[in-house]
Amino acid sequence: MGNDVFEITVNAVKLIVVFLLMVQAVPILVWLERRGSAFIQNRFGPNRVGPLGLLQLLADAVKFITKEDFAPDKAIRKLFYAAPVFALIPATLAYAAIPMSLPFMVPAFEMLGSTWGPYTFRVQGYEIGVGIVFILGVSSLAAYTILMAGWGSGSKFSLLGALRAAAQVISYELALGLSIVGVILLYGTFNLTEMIQAQQGPLQFTAFGHTITSAVSWIPNWGIFYQPIGFLLFFAAAFAESNRLPFDLAEGEAELVAGFHTEYGGFKMLMFFIGEYGHMMIASGLATTFFFGGYGIPGITPDELQQIILGWGFSEAGAGGLNSLIHFLSYNVKFAIFLWIFIQVRWTLPRFRYDQLMDLGWKTMLPWALANTIATAVIIYAVS
Amino acid sequence: MSEMPLGGIIFLTIFIAIFGTALIFLARAIGGQRKNNSAVKRDIYECGIPGQDKKESKVSVKFYLTAILFILFDIEIIFMYPWAISFRDFIANGMGTPIMISMGVFIAIFIYGLWWGVKSRALEWD
Amino acid sequence: MTADAFLFWFLALSTVAGGVMVVSLTNPIYAALSLAFTMVSVAAVFVTLEAFFVAGVQLIVYAGAVMVLFVMVLMLFDLKHEVESFARGKVTGAIKLLAAGLLAGLLIGAILYSSSGELGSSAPQAAAQIDSTKTLGYRLFTQHIFAFEALGVLLLVIAVGVVALSRSKGGTHGKH
Amino acid sequence: MVNTNVFLEIGLNHYLVLSTVLFCLGMIGVLLRKNAIVMLMSIELMLNAVNISFIAFGKYNSNIDGQIMVFFVMTIAAAEAAVGLALAVSIFKRFKEVNIRFFEHLKG
């Protein structure tokens, strides 16, 4: 994690901050979801508590934490209580691996009578060489949470919902994993930071040894222009992975009450919420990283921006920090757009039937992802 | 280049586990217990009729069939990852055609498996 | 070096603890969950051995797929806490434990005895300059290409067999 | 005389001993348990132990083939688990029994 006490401490604090950021974003998303759904359905939504109903978040939190803690008699208490805690782990571990901005340098400084060497801190939980594989592996552990909750509740609705949800999650993992193969073929790396670096600069195609740069210089070199089908498949599969409408078959109210968290209430329920929204955030972050240049800003590379900021009279380190901050904002704008798409889709599309869902995953998305992979490979092979 | 900060991952895992457990206990302490603690309240959810145990519910064996097919296809997809990452190197080394052929055979097997699965109605949910 | 050693002992402890729980817990679902935990720990052990990609595959395939299948099947069966989860007979049980212990002792003895050889004490050579995953892909698709294709066929055969098995209504005498 | 280096310097032997211990745990599971599915799980444990030693040898020999072998072992193990569970499920559906002693009553 680092070479000395300072670096280790900063990295540990950074991890905790990433976790809290994720937890923190959930009430905001819930508010956005409720206001957004009201906006879409021509209602007002929560608007009484505080300006624009923003304090509703706080009221909700207070409500959740003052609920009676409760487990049914037939529940297996160990699993029943462990499942919500485990729901947080895969989402956070995966989210911490997504780069959110440029790394920034801290020059050497004096503290407590000794010199602390120059450091480079990344704006992400940790940098992982095989980033995609790690994220896929960790998020595939989310199935255990569902199964533990469903089994531990001791209720048939929970068990049925859990089995459905697990079958759905694993089915769409295939389409998700296969749609990423095209991305890996394109960038030739598993590392998310290297992918973002490959997407900087204006759009340019390299074909038959010639480089064709687009005439309009502000069109960025984003993955979406190379992998449009891959993006659609990835994003649709990500909806299913995070159990969101139109794929929320696990909790189809008419059939299964509330799926695997039928028996949960109060704070434990909120933790499942955090896990679910965490998966949404991972999907948004990954879509941003793979297809929309990550933290990059269209029309300008980080080095050029650094030069511009230096021109404003900042020191090297200060300019680096400001540059990092600007890219962080850029990342968050893209990230928020994707989160809004998640919400918009939820309140626009109706739910699938379960057989339609499975057909879509196995018989439509999997073949299309395969076709996308083959097409990408053939094109890469043909043009080089 | 390939690095994995195992210490950080383990630290974060343990931190979340402790944090989550603490939150659950906190909610338990603040929420307290209500006076009503009847058997009906502590029963599992049911809509108007006496609660039914999960033992009596029949679960379709389709779920496990889906899971098995998922494992087999998942491994085939995982095999594509090392291919995808070294594909450009192969082309650069002039081995593009052999690698395309060998992967083509593999993908053909994959497609045949998928086609067979669809044809045999193993993936049919009704 | 100390941090690495600490990490190794921590992971070794969690791996072995998970293994012991798999063998000793009488409820099969708990055993399956602890096996999943062991798999994750083994993936972490792979990371300490710098096999990053294989560690990820271990997570995806073993922890994320195979063990999910086990847990799902156990839940489908709804196997409760078993009274007789271990084989009968104290004497035979003791003999079996002894045999396993003897094998462990023999193997560990052999490992320690042979550690004076050139393998045991030699520090690992500097990591190859090329990215190890790319090297892995390169070797897999040049040296082991036939094994790779054979595995593709094997997976297909298994898929067919499994579907056929689940199709049969049970029973051992012809079709129904 | 306790050599502290054994605890502080991790080498190939440590991984091999870990692998041995895991393997023997899996073996105990296969020998002692009666539930067919738990026995399958113990076999997975043994395969994992083997994988650890493959990767350890691969690293200390600077040879990537160990990892490729692990890749293959994982595939075979997953296939084995799939077939084993499919068999167990069909027997369970028919006879409601997963005890391994029961299986010897089956006749072709």
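By letter and in written order, the chains are A, B, C and D; residue numbering begins at 1 in each of them.
The rule we apply is simple: a contact is a pair of C-beta atoms (placed from the backbone, for glycine too) under 8 Å apart; a residue touches a chain by one contact, two chains touch by 3 or more.
Note that the structure is predicted; figures quoted are calculated from it, not measured.
Considering every other chain in turn, the ones in contact with both chain A and chain C prove to be B.
Relative to chain D, the most remote chain by averaged C-alpha coordinates is A.
Among the pairs B-D and A-B, the greater number of C-beta contacts is found at A-B. Annotation: 21 Å between the Cα-based centres of chain B and chain D. Chain B and chain C have CA centres that are 18 Å apart. Taking each chain's centre as the average of its CA atoms, chain C and chain D sit 4 Å apart. Counting partner chains per residue, chain D shows two or more touched chains at residues 74-75, 78-79, 81-82, 85-86, 89, 93. The residues of chain B that reach two or more other chains are 1-4, 7, 9, 54, 59, 61, 63-64, 67-68, 70-72, 74-75, 78-79, 81, 85, 89, 103, 110, 117, listed in rising order.
Shared interface positions of chain A, defined as residues touching 2 or more other chains, are 129-130, 133-134, 159, 163, 166, 170, 173, 177, 190.
Contact residues of chain B toward chain D in the complex are 61, 64, 68, 71-72, 75, 79. On the side of chain C, the complex with chain D involves touching residues 1-2, 4-5, 8-9, 12, 15-16, 19-20, 22-23, 28, 31-32, 35, 38-39, 42, 45-46, 48-51, 53-54, 57-58, 61-62, 65-66, 69-70, 73-74, 76-77, 79, 82, 84-87, 93, 96-97, 99-101, 103-104, 107-108, 111-112, 115, 119-122, 124-125, 128, 132, 135-136, 139-140, 143-144, 147, 151, 154-155, 158, 161-162, 165-166, 168-172.
The touching residues of chain C, when paired with chain B in their complex, are 3, 7, 10, 44, 47-48, 50, 52-53, 55, 57, 60-61, 65-66, 68-69, 72-73, 75-76, 78, 131-134, 136-138, 140-142, 145, 148-149, 151-153, 155-156, 158-160, 162-163, 166.
Of all residues in chain D, only 7-18, 20-29, 31-35, 37-38, 40-42, 44-45, 48, 51-52, 55-62, 64-65, 67-68, 70-72, 74-79, 81-83, 85-95, 98-99, 106-108 touch chain C in the complex they form.
Residue ranges of chain C in contact with chain A, taken from their complex: 29, 33, 36, 40, 43, 52-53, 55-60, 63-65, 67-68, 71-72, 75-76, 131, 133.
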